[in-house]
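What follows are several structures.
Below, chain A partners chain B and then partners chain C, in two separate complexes.
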Partner chain A sequence: MYLRSLFVLTSKDLAIEFRTKTLFVSAVTFAGLLVVLFGFSVSGWSAFELHSLPSILWVLIFIAGYLGLNRQDDKERWDGALLGALMAPIDRSVVFYARVLSNTLFMVLIELVLVPVFMVVLRQSVPQVPMLFIVAMVLCTLGFMALGTFLTSVASASNLREIVVPILLFPLAIPLFLAVQTITQAVWYASGLGFLTAWWAVLVGYAVLFLVMPGLLFEILVEV
Partner chain B sequence: MLLSEVNFALEKGEMVGLQGLNGSGKTTLLRVMAGLSRPTKGTIEVLGQPVTASVRKAIGVVFQESMLYGDLTVRENLLYYAKLYRVVDPKDQVALWLEKVHLSLDADEMTKTLSKGMRQRVSIARALLPKPQILLLDEPFDGLDARHTLLAESWFESFAKEGSGVIFVSHDEKQVMKLATRRVTIDGGYLLQGGLT
Partner chain C sequence: MVLVQFRKGFLVILFIAMIVSMYLDFIWSPPEAQMGDTVRILYYHVASATDAFLAFGITAIASIVFLIKKSVFWDRLAAASAEIGLVFTTLVLVSGSIWGEAVWNVWWTWDPTLTSTLILWFLYVGYLLLRVSIANRDRSARVSAIFGIVAAIDLPIIHESVTWWRGIHPSVITASGFNMPPSMVITLLFSIAVFIFFYLFLLRMVTLLQQDKDALDDLREQVRKKIHQQQNER
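Up next, the complex of A and B:
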């Protein structure tokens, strides 16, 4: 029953996004333009300096992700749509997990477009350990989206949500950012791969923490 | 504190008209009963138990928000709710309710393109589709034309006659006198029990 409700809620999000494409188009356009701007600013950089660029990728992904979270939240708040899901005879944590799942799927799709654009515009090679890069990308996206979905859901009723969410989201995401940018740097150039255990633990720990904790608290926090 | 010392029981087949001035706490009371807000003190029991997922299946709400998705069609919205409430034969039931609320021809329109009154009809269909035992209605006739107001009144009355309990908020005194089997007034955060109408 839990999985069935999860499927119904996620399919609804996917149906809306595939129809309107607002999240995808706005996030890809915004992040793509940022990549182009970075392209201008790094035109005189040396090859050594360009080596630090893969970590910049995550700044773009976090900003695009935040934009996507806002778009999703707007759809859920339109004429009280989220209240309908909260009133349904389902475990309310399903509402949270469905939002995380659909937000993560959208974000991975955006990354699939953004990463090649990033490589072409900023003259970056293909990651030398692509599988590990993909694993890090998915884990980081899951952790960021779980954290972001939790914060947007909790702040949904607040008039100051557009200020409150980024003020909480970006500082809370710093450990996640440090972990993913260190791992990205290492797997992109296949250097220092043996010293990543702690960073992988942060990445996995973040995803687990912000998937489990909000799931337990969601019921209480959405009742105001 | 918006509401205090609220003791209130809704019997089967009752149609309670909830009245009070703007900001008196009518909407808050309905939201607490629906399990959307948590009381700071005391308990809310619906069908003899706290408002949990299984109890929410028995509650239908029409609030000031339509609770619909603007980027889904009318039919998709109703099907989405029918699936969430595990309605048997969801497609048939949705088609039936589209017919009842006179929206069959607009079933494939995006909900965000509908007028306020049309959206309110979809919202009523959404609430009644799972055949709830308790209906919580916050100004359910808002935006409806005279014809559909009469129609909605008849649905709510027939739900009460079939054994559901109905609480509705309306600022129209005549409508409350016409529909309610009991009137309850909230004044200054306190619930004043009314008599039979």
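Up next, the complex of A and C:
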């Protein structure tokens, strides 16, 4: 029953997105634009200086990810969609997990487009350990989206929502950011791969922590 | 009005202690061998840091108690403490920066403690923004309490990760430990004690202020209802 509700709610989000494609198109365009702006800034850099760029990819992804979260949160407000989901006779944590799941899926899709654009425009090589890069990307996205979805629910009643969410989200996501950028830099050039244990632990730990904790607190949070 | 609710004795002692503390900080304690008079910043810096951590600790505890007991007292305490903590964190950052310029010759460096303190500052700015931007008082209290707890849980992780991060890039500047003479230790401990009492004083003030503000809001709401009722009757 639990998994079925999760599946139904997630596929609802996916169906809406596949019909309208607004989130995907706007987020990819926006993130691509950021890459281009970035490209202008570093156009004079030498190949050696460009070496440190892969870690910067995550600045762009975090910004695009925040926009995606905001957009999903807006969608929940139309016609009292969230209230409808909360009134259904299901465990309320399902509503949270379904949102995390669909947000993560969207974000991974966006990243799959963004990363190649990033490599082309900023003259970056392909990551030397692509599998590890993809694992890190998915884990980081899951952790970031779990944290972000939780914080959009925290700030949902705030009348400064658009500004409060990033102010809450980015400081809390700093360990995640440090972990993923360090790992990215290492797997991109296959150097220092043996020194990453602590950072992998942060990526996994964040995903677990912010999947479990909000699941327990969501009930108190959405109590009307 | 608020001041009346304090025992006068406490205020007099606090005032005298502050004067004594200033005398110890600026006149009695000797200048440090290498840093000279710059070391006097330390007495304020460390004392502010103690207050900041104490304040955020109280916010976290009050948030947990609030979620269990649902008493508005704990919510006000959490809010007041966070507000004061933020002021002291600002003082810590500013005084640390001035000291850094004098001793390390840089205003800012990515030292783990500095970085974590800056993140702490952002977190509690967010906490206070969240709190004031939710109109429903009950909901604001509940949501802030949850965020207060989550932030407190995340703080050690942030500190650890920033430390690891610096561990990878060896930092050029490291804080050298002081071997302080007893007169400096006494001055430092006295300053910390005075700051803690000052914090308690501020905590009581801000909590009472919050209480008055809530009472005023309630009155305003009643007046609004009354006017509405009268308009309807006409």
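As a convention for this text, the second predicted complex is superposed on the first by the 223 of 224 C-alpha atoms of A that agree within 3 Å, B and C clash if a C-alpha of one lies under 4 Å from a C-alpha of the other, contacts with A are read in each partner's own complex, and residues count from 1 in each chain.
Following the convention adopted for this analysis, contacts are C-beta pairs under 8 Å (C-beta built on N, C-alpha and C of every residue); 3 or more make two chains touch, one makes a residue touch a chain.
Quick caveat: nothing in here was measured; it's all calculated off a predicted structure.
When the shared chain is aligned, no partner comes close enough to touch A:97: not chain B, not chain C.
In the overlay built on the shared chain, the residue A:87 is in contact with chain B alone; chain C does not reach it.
Shared-chain residue A:175: touches chain C; no touch with chain B. Of the two partner chains, chain C is the only one that A:155 touches; chain B does not reach it. Contacts of A:5 after superposition: chain B is touched, whereas chain C is not reached. Look at A:75: by the touch rule set out above, it reaches chain B but stays clear of chain C. In the overlay built on the shared chain, the residue A:15 is in contact with chain B alone; chain C does not reach it. In the superposed model, A:195 lies in contact with chain C only, and not with chain B.
Common to the chain B-facing and chain C-facing surfaces of chain A are residues 220, 223. Interface residues of chain C facing chain A in the complex, by the touch rule stated above, are 67, 119, 122-123, 125-127, 129-130, 133-136, 139-140, 142-143, 146-147, 150-151, 153-154, 157-158, 160-162, 164-165, 168.
Chain B contributes residues 34-38, 53-57, 59, 61, 63-72, 76, 80-81, 83-86, 112, 119, 126 to its touches with chain A in the complex. Across the complex, chain A meets chain B through its residues 5, 8-9, 12, 15-16, 19-20, 75, 78-81, 83-92, 220, 223-224. On chain A, the positions that touch chain C within their shared complex are 150-151, 154-155, 157-161, 163-164, 167-168, 170-172, 174-175, 178-179, 182, 195, 198-199, 202, 205, 209, 213, 217, 220-221, 223.
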